[in-house]
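Presented sequentially are two complexes of chain A, the first with chain B as partner and the second with chain C.
And then the complex of A and B:
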């Protein structure tokens, strides 16, 4: 689905402030995968995801998304952007239309769809992110922060992309809003067989949702593996300014105290199961 | 596209030119601008050219950066030049239909183009070698005496520093919004003029909203820290005049004298 070959990106090449944001990245992501992307601020996450829909062009290397070569000059990047939906950080600041409906319809309209189809898609997208139908006729600037965020995400979903990339979609939301948006994303991923890339600073969130986790560190791919195997490397993760989920820290601590737990426990359910087993084993 | 704007872009350094007191630099710049308009023959421009070349060399700024400042104003310079070239009356040298070029026209056009070019070169040299903060600081000090007659010197300089401070922020913001809308298939490059103007709406509306929001937040933050204007405010970097400032002033007087002499001597 997504293939990156030796991709590098250099900001302001040749200038006095030259900076390598990505250095020789090789990646392969399959259709329908849920990928969590974590990394320290400035590790190249944002640069990487902006490359996947052609907003940035790599300084060298090749990118292929859904069978389309993005580095080919003949490729129409607009078509790619309809296939690869990108929700940037704080997307509510990009709302501009008079009504929420019109704003969500902006993407589908640019695709050249007819009015019936646009209406269908807008309603579907609004429903998917949990926006009440009566909000659609309101001005986007009258919504609450959480509702604005949902409207902005719906604006990308309405294009019905095959790949959905979200850059910290829950930053600055309250816990309830955060959980609900993440749940909706997971739900969509399962129902529509979308490939999802989720950038997040919350280890708990990526642990809960992702099939595989991509760990970025100063422009390199540090790890790209299942949550279990990634969160086994607690020491390395904290070296590069990251962490493991809280529950992993607890189970790691318990293991150090002598409880027979295996490494890389990253969900609460798993932890409960393992700890109860371990306690039962001791009790016997 | 956003990175082409040199005006107001400080190029850090530690040279004589950089270290000059901002007040001196502003006054020198005002004198320089006045002189560009005084010059009446090409010899005078040679003096100015020498001044600019020497200043650029002293400031150790790559000349490309100074020349880049001309780019945004190039169209304006060319149009002014063409207008003067074709519309000045006098001794005709070349004629085709309604278009005619006169001797005076050539002279006038060359003068206007040179004048504008020197103006821009000089002012971009000022902004390249002076950080916006010290520039407004200098401006404030120069205007302060006028506050007795009711000029809001402190408010003016505060407004300027805030405006300058937010230029990069807003440019970054524009870039982000453009990318976000492009991700939804907005097309800024193709289509008729009307279509392209319309394509700006999805950028301008969020940009204005965010500018207002930022202004509001900044005002609150300033009030939270008990900002109440310039009364009794001291500054971290006190400005002090040095020998080099006197030297710069003397240079300017000499250049003025040279230009006036050349104006009279060469007819």
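And then the complex of A and C:
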């Protein structure tokens, strides 16, 4: 679904502040995968995702998304943006319409869909993110913070993109709001076979959801593997400004003290299961 | 210890001009915070915690009831500067809090506005930057710093006023894990070493664990108030309030629920490891 070949990106090339944000990235992501992207501030995550819908063009290398070659000059980037939905950080600041309905309808309208189809999509998207129908006729600015965030995400969903990219969709939300949005995204991913890329600073969230985790560090791909294998590298992750979920630190500590627990435990349920087995098992 | 922040039956409401609807955000908050305390305030979005924080330096004043800081009634408009000088605020987005092109100018902004003599400003800026471990960056451009560094500069800007209280409203929401660690350890150090009273509003439970006291707000009221080891083990109550507990606490809670004899009040990774490893040692001893 997504293919990057030798992709580099240099900011202010040739100038005194020249900075290489991405250095020779090679990646392949399959249709329907749920990818978590982690990395410290400045590691290149945001540059990477902005390239995937053509907001930035690589300084060198090739990018193919959903069968479209983004680096080909003949490609119409407008079409690409309908296929690749990008939810930026704090997307609620981008709400602008008179009503929530109109705001969510903005994307589908630009795609040239007819009114019935637009209405269908808006209602579906609103329902998917958990916005009550009566909110659709309100001004987006009368919504609560969490509702605004959902309306903004619905605006991207209404375009029914094949690839959905979210840059920290839960920043600033409380734990219940965070879990609800993440659960909705996971649910959509499963029902619509959407390819999802989720950028997050929360290792716990990424651990819960992702099939594979892409770890970025100083413009390079540091790791790209299953959560279990990625979270085995607690020391390395900490060196590059990241960490592992608390449960991973606990089970790692216990293993060092001799408990028979496997490496890379990253969810509470798995930890409870493994610890219970060890404590109830037949000796060592 | 003496009381430095006092809220008595604090109520706050606002009226929507178009619909004339009145929204009651704070429905009677009463609390005493002692000088030198480090208090974490938790609550879901809309629980009233940010509104409460804004009452601490008179960004908002009560509709009813009373708030006093350092003995000053925040509703006294003549004392506004006095209050703002004593209570410093740090917000979520570091980029919105930067006003200058050079770090030390940014930190000097408040004392300059207070019209202090040059030498005094110099002393305060140097002290403030040292307190957040950013002295080496005094001549840097703020926009080139990492998120955690920017937030530490924002904290230094507050410290330059030499306040008695620092209020932080979700200061780590936009930061990566390393940035979060930097900011929280800075706050903890200011509290321990400079004895500064700190009020930290956060959605991250592991940050609240390092506070002396945790206050939980729900629908405009304080519903829980205690030391972290009293609050977090109430896992189901916390979930019902839309909140979390640290994974260490939740793990201990679930093991206890499955019948293991484990202290349910653990809060940190290390405590959790030592509790479970004791169970393990007992088991291995019994097997031998």
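Basically, the second predicted complex is superposed on the first by the 281 of 284 C-alpha atoms of A that agree within 3 Å, B and C clash if a C-alpha of one lies under 4 Å from a C-alpha of the other, contacts with A are read in each partner's own complex, and residues count from 1 in each chain.
One rule holds for everything that comes next: a residue touches a chain if its C-beta (ideal position, glycine included) is under 8 Å from a C-beta of that chain, and two chains touch if they have at least 3 such contacts.
Bear in mind that the values here come from a model prediction, so they are computed numbers and not experimental data.
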Requested in this report: Mind telling me which of the two, chain B or chain C, contacts the most residues of chain A?
Outcome: C
Requested in this report: Could you look at A:171 and tell me whether it touches chain B, chain C, both or neither (first, second, both, neither)?
Outcome: second
Query raised in the report: Looking at the overlay, does A:37 come into contact with chain B only (first), chain C only (second), both, or neither?
Result: neither
Report task. Once the structures are superposed on A, label A:135 by its partner contacts, choosing first (chain B), second (chain C), both or neither. Result -> neither
Query - Touching partner for A:95 - first (chain B), second (chain C), both, neither - result: first
Query - First, second, both or neither for A:145, with chain B first and chain C second - result: second
Requested in this report: Tell me which partner A:81 touches in the superposition: chain B (first), chain C (second), both or neither.
Outcome: first
Query raised in the report: Which of the two partners, first being chain B and second being chain C, lies in contact with A:55: first, second, both, or neither?
Result: first
Query raised in the report: What is the contact status of A:154 with respect to chain B (first) and chain C (second): first, second, both, or neither?
Result: neither
**Report entry** chain B/chain C common contact set on chain A
**Finding:** none
Report task. Show which residues of chain A lie in contact with chain B when the two form their complex. Result -> 12, 50, 53, 55, 78, 81-82, 85-86, 88, 91, 93-96, 106-107, 110-111, 141, 155-156, 159
Query raised in the report: Where on chain A does chain C make contact in their complex?
Result: 39-42, 89, 144-146, 171-178, 201, 203-204, 241-243, 245-247, 249-250, 253-254, 257-259, 268, 271-272, 275-276, 278-279, 282-284
**Report entry** Contact set on chain C toward chain A in their complex
**Finding:** 43-47, 92, 146-148, 170, 173-180, 203, 205-206, 242-244, 246-248, 250-251, 254-255, 258, 260, 269-270, 272-273, 276-277, 279-280, 283-284, 287
Report summary line: As the complex stands, chain B meets chain A at residues 3, 176-177, 179-187, 201-202, 205-206, 209-210
